[in-house]
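Provided herewith is a single structure, encoded as structure tokens, for subsequent inquiry.
Chain lettering (A, B, C and D) follows the sequence in which the chains are written, and residue indices restart at 1 in each chain.
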Amino acid sequence: MTHLPGLLDTEAIRKDFPILDRVVHDGEKLVYLDNAATSQKPRQVLDALNAYYERHNANVHRGVHVLAEEATALYEGARDKVAAFINAPSRDEVIFTKNASESLNLVANMLGWAEEPYRVDAETEIVITEMEHHSNIVPWQLLSQRTGAKLKWFGLTDDGRLDLSNIDEVITERTKIVSFTLVSNILGTHNPVETIVRRAQEVGALVLLDASQAAPHMVLDVQALQADFVAFTGHKMCGPTGIGVLWGRQELLEDLPPFLGGGEMIETVSMHSSTYAPAPYKFEAGTPPIAQAVGLGAAVDYLSAIGMDRIAAHEQAITAYALERLATVPGLRVIGPPTAEDRGAAISFALGDIHPHDVGQVLDERGIAVRVGHHCARPVCLRYGIPATTRASFYLYSTPGEVDVLVEGLEYVRNFFG
Amino acid sequence: MTHLPGLLDTEAIRKDFPILDRVVHDGEKLVYLDNAATSQKPRQVLDALNAYYERHNANVHRGVHVLAEEATALYEGARDKVAAFINAPSRDEVIFTKNASESLNLVANMLGWAEEPYRVDAETEIVITEMEHHSNIVPWQLLSQRTGAKLKWFGLTDDGRLDLSNIDEVITERTKIVSFTLVSNILGTHNPVETIVRRAQEVGALVLLDASQAAPHMVLDVQALQADFVAFTGHKMCGPTGIGVLWGRQELLEDLPPFLGGGEMIETVSMHSSTYAPAPYKFEAGTPPIAQAVGLGAAVDYLSAIGMDRIAAHEQAITAYALERLATVPGLRVIGPPTAEDRGAAISFALGDIHPHDVGQVLDERGIAVRVGHHCARPVCLRYGIPATTRASFYLYSTPGEVDVLVEGLEYVRNFFG
Amino acid sequence: MKLDSMYQDVILDHYKHPHGRGLRDGDAEVHHTNPTCGDEITLRVKLDGEIVSDISYDGQGCSISQASASVLNELVVGKKLDEAWQVHGAFLELMQSRGRLEPDDAMEERLEDAVAFAGVSKYPARVKCALLSWMAWKDATAWALGEAAEKKSV
Amino acid sequence: MKLDSMYQDVILDHYKHPHGRGLRDGDAEVHHTNPTCGDEITLRVKLDGEIVSDISYDGQGCSISQASASVLNELVVGKKLDEAWQVHGAFLELMQSRGRLEPDDAMEERLEDAVAFAGVSKYPARVKCALLSWMAWKDATAWALGEAAEKKSV
């Protein structure tokens, strides 16, 4: 077995993930390299879900009976855990949503309905980038259509990085919000937050960071990042589906209007008018994803016990090794930064002119799960003139051996269509 | 043991619900009478969740690998199950949301951004009722504030029913949408859908039914109901938290604009503009609550295997028995219809002038879980001039014996504060 | 039984026989509600120089919120303001202790009957009930002092 | 091995040596895309009375979508329209069978090389690839017929 410095004890870790033992297609061991789409779940998270449903399930808040108190303590305890995980100054800045997409839409909607100085309207501009996930493009297109605000974006360089050469023209005094991804889900690029935040602060624009591909993989410190909002999603970080997070600065959450209306988000309701609860509740209408928050709390515990810095080091090592090995495959071209510097563990590539669909299908037959397509980032495909890519993406349980299996698989694909 | 005609075999059913064996406060058997807030989950649903996470977990759609295909088949299979459960003409009319509150907000937002003839604006009116859950009040207050539309509502009679005497003045040619609850979560009232739908159709208004307290308890046939939209929530019907449903008529879903933007809901995206996928995907932005949909599918299977008509009969019998027994408690006043006719299994009451908080707290100490407060329907409390109520609510596993324990508990409460 | 730790006899007594209930003349009036359970209180404060000369109140609520208003009246009326603030702070600390604070002699001396609320602090849903009148008093006193200050400066 | 059931030699042959690829003169042109994977096709149809005289196409896509366009060309060009519709219907049915349809002799006679796609029908994610060109042809033909009808009516 290949030994790389910085690797985690994957043998032990993999025992926590029941699905990794799975055999597919009558006898192929599963090699799961689709972690940027969603991660697998450790036993610890499933146990937390089961314990919740089997012993404590109740609707949260307002209840005086013991199950309601326990469920509330578990749900709010999960908020504490997430707050600590991202180093939030206050637990009340952590809003639970259903996924990162809802978190991003929430901000777009708040700004559309906000009062000055936050209000996005026809006089103002919104800035995104060409490497955003559709979930950080479409909400802004909708907001721009509905308010008349102008949508602008940063383009990309040939090696898959943000082209910030015109930053002063893109982010201007008219800019109200700059929303961009910390780590790209298709290119793997880790973006230079500081440069962008500095310029945004200069012009008084808010900054929303899409950390969907960062939170699972590295230390996320919302105070150090200096953004105003940070969004991410539970299912990519060992948590359940159905839960996302929006962190926002307290003063903003106090000033901005609610998004969805309903139970839990109110202070007092009459038929004529209502007042709203303080954040985070103002933004959590209806029965929240209680079990899912508890599961995310368990995921955060799991990841923290291993250490996000060690997980980042592990992935860095695997990514460097994968880039090196993939470079040996004839005809393979990486779409995105070619080295492991400032880069996450998702690697997109083209294999000669074999269509990614065919690459993925043949790999699958050998048990290797990669994702093929535009990865919800079609503008990136348009930018690089390709219909789609094949993407292998790694996580804390990925091994150099799996990289080797992938590389062998790609050789097989080449021969198959050769 | 009390034997009532129409009861289910609760002894067998209760074995499916692990939490019902729970002992609280050192030795009290749990008597869970808070089903209108949320239901407990049978083993079958937890098994489906575990099987999903342990064997099939992947992100849905677009994947060519075997896990992605299995997860997609499970997720879309859940849609088929829900569609059959509510007798939807087409599976494509079933939208998965995070809860009923999101479903209701979704419709309010669609109508705010819609083109004619659906558009809600300052020239138009919205109709709700005084017995709505906050989740069916606040979205319309927000829509009314944001569009200038007038918000109107039906009042209540003294015995907890809708006062429809002025129906022709409330629903008029200006009405664009009538949104009301099929069964009240606080009063238990089962509302006369047909009368309201007929009037709405006369004036060309759309009808949205909040079926959150109906779907868990009775046969729900969206075609027979003749509404345009029906919303409900998974956690009250043996399903997981984090999942809701919006059913809508296909033509409407085609015509109406999207709500949240992001992955999954698009057809094609460029930086300049996007086109949207057909319904239901148009309304499902981001990674959906996959495991939760699968869990809801298992819940629907579980309920259907018992039979919704039999569940309704069981609850009818328990409710009649409970109303009869509660009438024997001195000083107890039911808030809502006093008989089991046209009524669901949630019973709110006042016990002399003992505050509901105190009633609930003392009952809890005996293991009896009821809900106290305004039950997210504060206008009902205002209407009846009470600060709050105590609510006992039953489900398919509730027994006459539990009613007896409740009645004994209430006697104890009276003595305690007597 | 655990119930007794919340519903101590002292509390039930105050609930059944509240001290100083009813609205009387005051320097400032506030209206506070607990939206989660519908409890409401209208409270007036009367200051006589440095002395809290009256706390009068009316409203509806559970036994805990009613009893705690009664205890507030009994404990604070007649005290000098700085002492009243100390009592307030001690009660707040006790209520936020989640049952982890074991009242000692010093606390019992300061809080008198109010130490009976120690058991309530174990029930997060009820802590707000116990604090309703105390928060209203704090608010009303701030208003009263503000107006007094304004009067002086005029 | 299951792969062979999808990537039959016939399919790989059509993929590597496509029939009638390239755009030529036609009565109608359509552009179809498969948003989930970025496959695209531009397709033109030429009718000669009742006869499909040419189907020309260009685009990018996976082996399945490329091969199926080639098979479409081979199978349908030269046929009378009603026969072409029957072939189209039979192919649609096969592709939507989720692998449950075992091609019989009649089907083999009608679909010729296209029966090789039976294996693809087991892969829901790939059925759309196989149908891309066939849906484009249907669309283009409808346009061509519509224009023909308009010409007549002028």
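A few remarks follow.
By definition in this document, contacts are C-beta pairs under 8 Å (C-beta built on N, C-alpha and C of every residue); 3 or more make two chains touch, one makes a residue touch a chain.
The structure displayed is predicted, hence computed values, not measured ones.
Between B-D and B-C, more C-beta contact pairs are found at B-C.
Chain D has its Cα centroid 47 Å from the Cα centroid of chain B. One simple way to say how far apart two chains are is to compare their mean CA positions; for chain A and chain B this gives 31 Å.
Between the CA-based centres of chain A and chain D the separation comes to 39 Å, rounded to the whole angstrom. The multi-chain contact residues of chain D, meaning those touching 2 or more other chains, are 36-37, 123, 126.
For chain B, the set of residues touching two or more other chains reads 25, 62-64, 68, 266, 268, 357, 361, 372-373, 378.
Chain contacts in this assembly follow no simple pattern; the graph is neither a line, a ring, a star nor complete. By the definition of touch given earlier, these chain pairs are in contact: A-B, A-C, A-D, B-C, B-D. Only residues 33, 35-37, 123-126 of chain D touch chain B when the two sit together in their complex. For chain A in complex with chain D, the residues that touch the partner chain are 25, 355-358, 361-362, 365, 372-374, 378, 381, 386-388, 416-417. On the chain D side of its complex with chain A, the touching residues are 1-3, 6-7, 12, 15, 36-40, 60-64, 123, 126, 129. Contacts from chain A toward chain C in the complex involve residues 61-64, 68-69, 72-73, 266-268, 277.
On the chain A side of its complex with chain B, the touching residues are 18-19, 22, 24-25, 30, 32, 34, 37-38, 40-41, 46, 49-50, 53-59, 62-68, 98-102, 104-105, 108, 113, 130, 133-142, 146, 151, 153, 233, 235, 240-244, 258, 260-266, 268-271, 273-274, 285-292, 357, 360-361, 363-364, 368-373, 376, 378-379, 382.
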